[in-house]
Amino acid sequence: MNASLRGIVAYPITPFTDAGRVDERLLARIVDDMLAAGVHALAPLGSTGVLPYLSDDEREAVAETVVKRVAGRVPTLVGVSALTTERTVHHARHAERVGASAVMIIPMSYWKLTDAEIVAHFDRVARAISIPIAVYNNPATGGLDLAPDTLARLLQIANVTMVKESTGDVHRMHRLVQLCGEDVAFYNGSNPLALAALVAGARGWCTAAPHVIPRLNLELYEAVTRGDLAGARRSFYRQLPFLQFIVAHGLPRAIAAALELCGTPVGPLRAPLRPLEPERVAELRRILVDLGVLPAA
Amino acid sequence: MNASLRGIVAYPITPFTDAGRVDERLLARIVDDMLAAGVHALAPLGSTGVLPYLSDDEREAVAETVVKRVAGRVPTLVGVSALTTERTVHHARHAERVGASAVMIIPMSYWKLTDAEIVAHFDRVARAISIPIAVYNNPATGGLDLAPDTLARLLQIANVTMVKESTGDVHRMHRLVQLCGEDVAFYNGSNPLALAALVAGARGWCTAAPHVIPRLNLELYEAVTRGDLAGARRSFYRQLPFLQFIVAHGLPRAIAAALELCGTPVGPLRAPLRPLEPERVAELRRILVDLGVLPAA
Amino acid sequence: MNASLRGIVAYPITPFTDAGRVDERLLARIVDDMLAAGVHALAPLGSTGVLPYLSDDEREAVAETVVKRVAGRVPTLVGVSALTTERTVHHARHAERVGASAVMIIPMSYWKLTDAEIVAHFDRVARAISIPIAVYNNPATGGLDLAPDTLARLLQIANVTMVKESTGDVHRMHRLVQLCGEDVAFYNGSNPLALAALVAGARGWCTAAPHVIPRLNLELYEAVTRGDLAGARRSFYRQLPFLQFIVAHGLPRAIAAALELCGTPVGPLRAPLRPLEPERVAELRRILVDLGVLPAA
Amino acid sequence: MNASLRGIVAYPITPFTDAGRVDERLLARIVDDMLAAGVHALAPLGSTGVLPYLSDDEREAVAETVVKRVAGRVPTLVGVSALTTERTVHHARHAERVGASAVMIIPMSYWKLTDAEIVAHFDRVARAISIPIAVYNNPATGGLDLAPDTLARLLQIANVTMVKESTGDVHRMHRLVQLCGEDVAFYNGSNPLALAALVAGARGWCTAAPHVIPRLNLELYEAVTRGDLAGARRSFYRQLPFLQFIVAHGLPRAIAAALELCGTPVGPLRAPLRPLEPERVAELRRILVDLGVLPAA
């Protein structure tokens, strides 16, 4: 699968009912909306999908709902990360069983892991499944920072074939290309780095923004792809305030608020997460008005 | 309870059988050893006890084993942290039910929490139980950094009465005293800061070192308590290499290796954690020989 | 002048005679070489030119030598930074007197300066001269970090018209464009960020690399200018090892070593700076061989 | 000299006349006041003395004024740092000539120096003079951070006999003692670390605070010396707000404002440094009123 994955990889949130249960019906509708908009892949149970805050049953319900709804129309990358190796293997096997195209794993830490521990962790999961694995590096959430050297080492494990880099540091991407060659399948996970990352050679952009501005996200990707630098720059600066906002205030909070502003409430956030404060919502509304997503009031 | 808690708060590891189950018999023996050595409190399910890597059932078994074994001889502070507020409340209630003197909570993050979220999290737990709560700050493991201002704010919640500060930054302790007064019940959780923290006014020292060198830990605490600065300094520098080592290499790995060197194997570490490499073990052996804990070979 | 400055802004080193005096003859030759290669501007007395290690007399000699030799063929930006405002004004006036097109100022700190102090510093210099000023931000050398907000504030001073950003953080450039508009005249001073910065809208690239690989530097700039993304990326990755090397080991040391390898020794470095160690020189030689600058031996 | 230096090492500011010249008469009076208060050594031309902002002539005038005025009553440590090795040697020789007991050198950077460069720098100065050298580590001002290993290496140079550590990190002091033995002559240069540093074994406290609260500074030092921990802690927390303030706002600015509040204006700061803003001065006044230094208004 991974050989061909390019473009916008969309990260659906996990919507909840008022009672705090996963709202599978709304999740399916969100998947439909994203597919209708033209995204190139779906990645449930990412950071935006509040993976670590879900019970095992909830995780499996989300994985199944999304993979079934996508029904092979685009690839699905299912997040299967857990603190222990045993639980990660468990979820990876489940993802494969329900038909995921690939799994995505962020090594979550409590105790900082050594490189040997990280390699053994991925190696154990890789031997337990036969679909590809994407390594996800995001020290700001997972607490572990995988240097380019470590990422390169992980890419030598048989079915570890992709990297999602979310540090927002373009120099890491340069190093990755230098270490692994120009064909390395790396994807950008830091929204405000989208332009620089695609120019540096990223195959795609992993983002929750398509909940709200899918056309702008696709427009930027396509402009870079066809070498239209002026168009890419224009598109990037246009959507940048939205990208900065959702990163600054946490994707689940910010995307939930944006969807609510757009008429699709997605239920309560799971505590300890709480909704954006009203001043922030007002700021977000202004950004969405500027983008033409919301009417001018 | 908290009004009187002073001294060495010992953190037992969670030992496992070869099959990877919690070894409750060995855990009880470790508790006995620590009490026999004279520690002033026991704190199961801390970072050393690999709390986040245990299942709910395992956590409850550890809490029950330790609290029952201590049987009121010293206070028990049971770790009840979880990523969601709901699970934290669940474990806090369990700890109260089995007879813990207090609970200890590190706000674990995936998404960085706002101050309002952190306060609401503690507030919700505090309203669910009637025993005291110790706030545990350790950004290196939990991923969230509670500034002295935030800690002071949390101490205004009714039964939040203690702070364990593990950043290793003595200036934080100064700030805490300035914000909350000299009677603030704060404890040091950074081993190599033990001397500076006690001198700055910490009521106690939260440490896993009593698995191996309880007498030295108590000696340092007592020297400071009776104002013997020269003795305190001598004791501190003597045990410092051991304290630095266990922090540098991760408490569960280092304490497991030290116990094994001392003749008490505590079973496999839970993956992704792995045992110390042989060179590190050799280094640890030298430190323990220097301290007279192991014979010179 | 600044309205039109675009492209490669070359930073000549300050060569010394064996006796440790500024070698004005060799400096003039270096200027000639750079102009012959086609660079778009010359910037003597930058970090590469070891400005802070020169006496006042030496600084003035370098400024005069370069400006006279360029003789108006391209713009000259003369570094006039000093720790005190009084000395900065002194050197800025001298640069104007000898015919510099503009001056470049990095606010060097010993004591961290407040924003008000930084603004007053630039304001005082600006009122003392009538040629444009480029603000140079490079916390790694100057010790002060000017945030995009501060840079935007400085750009409101009458003849402060340009910014050289050397943090290597493309997000700063995005912020600058957002704060000042797309016409803001900013230049990239971090060699390994050249591609990302030009794509983000930098008007030029301030670099010492044209001492050795002027054609590659120009090729990258031109590829971006004409919207040839594939060509720009290819050119960038080709020269990246050299760019990373000279930044990692300090521009004066690395450029001096490279010039010596290429047959142009530039004299002793001024102590405490010392020449690259032999292993580093061997590494640099390999990079230059790979680039075709040196024969394969 | 260094064998015996213990206690409060006072750092006089450099006062200026209204015309911006060094006010040697007032400087002599400040020296007298400090000696009358009982400080154990005087260290002109430190960070507080705005060393890097003075011309060579001014530096020499300050050194001479202070050394002559002290007239051997206590040791004098004269700051002789400069960016180049040649200028550092020049000032070190001058300090020796005018009778300084020792010189103090902070390796100031523009380009980050390698360890080999730092060692060569100190070695060259050491061979040029015959009085002892104190290495001063303060990355926040000098821009270079000397790790404990590097400090230990420098202490092996013949007349490099003392270390002033100003990072405010007590763990560095622990490392230094571990590397060099308990007799290592290190001094604390971070005011808010005074208590922890003295307890850790620092021989003295380098501070500008004796301009304003010499008795409190001496009281803390003496309490630690005689092992009165309770008294030391009480004295420390009493003066801590003042110590935190002068560090937070820059010693030259804060000490100048405090002296002015106490009736001794010390003239304009040298630009780009500017006086404390009025709100800060009001805050400082409150601190001084609390300390009984100023009347309650």
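Here the chain labels run A, B, C and D in written order, and each chain numbers its own residues starting at 1.
Rule of thumb we're sticking to: a residue touches a chain if its C-beta (ideal position, glycine included) is under 8 Å from a C-beta of that chain, and two chains touch if they have at least 3 such contacts.
All of these numbers come straight from a predicted model, not from anything done at the bench.
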{"item": "Shortest chain-hopping distance from chain A out to chain D", "value": "2"}
{"item": "Farthest chain (mean CA position) relative to chain C", "value": "B"}
{"item": "Comparison of A-C and A-B by number of C-beta pairs in contact, larger one", "value": "A-B"}
{"item": "Mean-CA-position distance for chain B and chain A (Å)", "value": "35"}
{"item": "Distance between the centres, which are taken as Cα means, of chain C and chain A, whole angstrom", "value": "39"}
{"item": "Residue numbers of chain D (touch at least two other chains)", "value": "none"}
{"item": "Chains grouped in pairs wherever the two touch, ordered by label", "value": "A-B, A-C, B-D, C-D"}
{"item": "Of chain C, residues touching chain D in the complex", "value": "47, 50-53, 83-86, 107-114, 116-118, 120-121, 124, 140-143, 250-253, 270-274, 277"}
{"item": "Chain D-touching residues of chain B, taken from the complex the two chains share", "value": "168, 170-171, 174, 177-178, 182, 192-193, 195-196, 199-201, 224, 227-230, 232-233, 237, 240-241"}
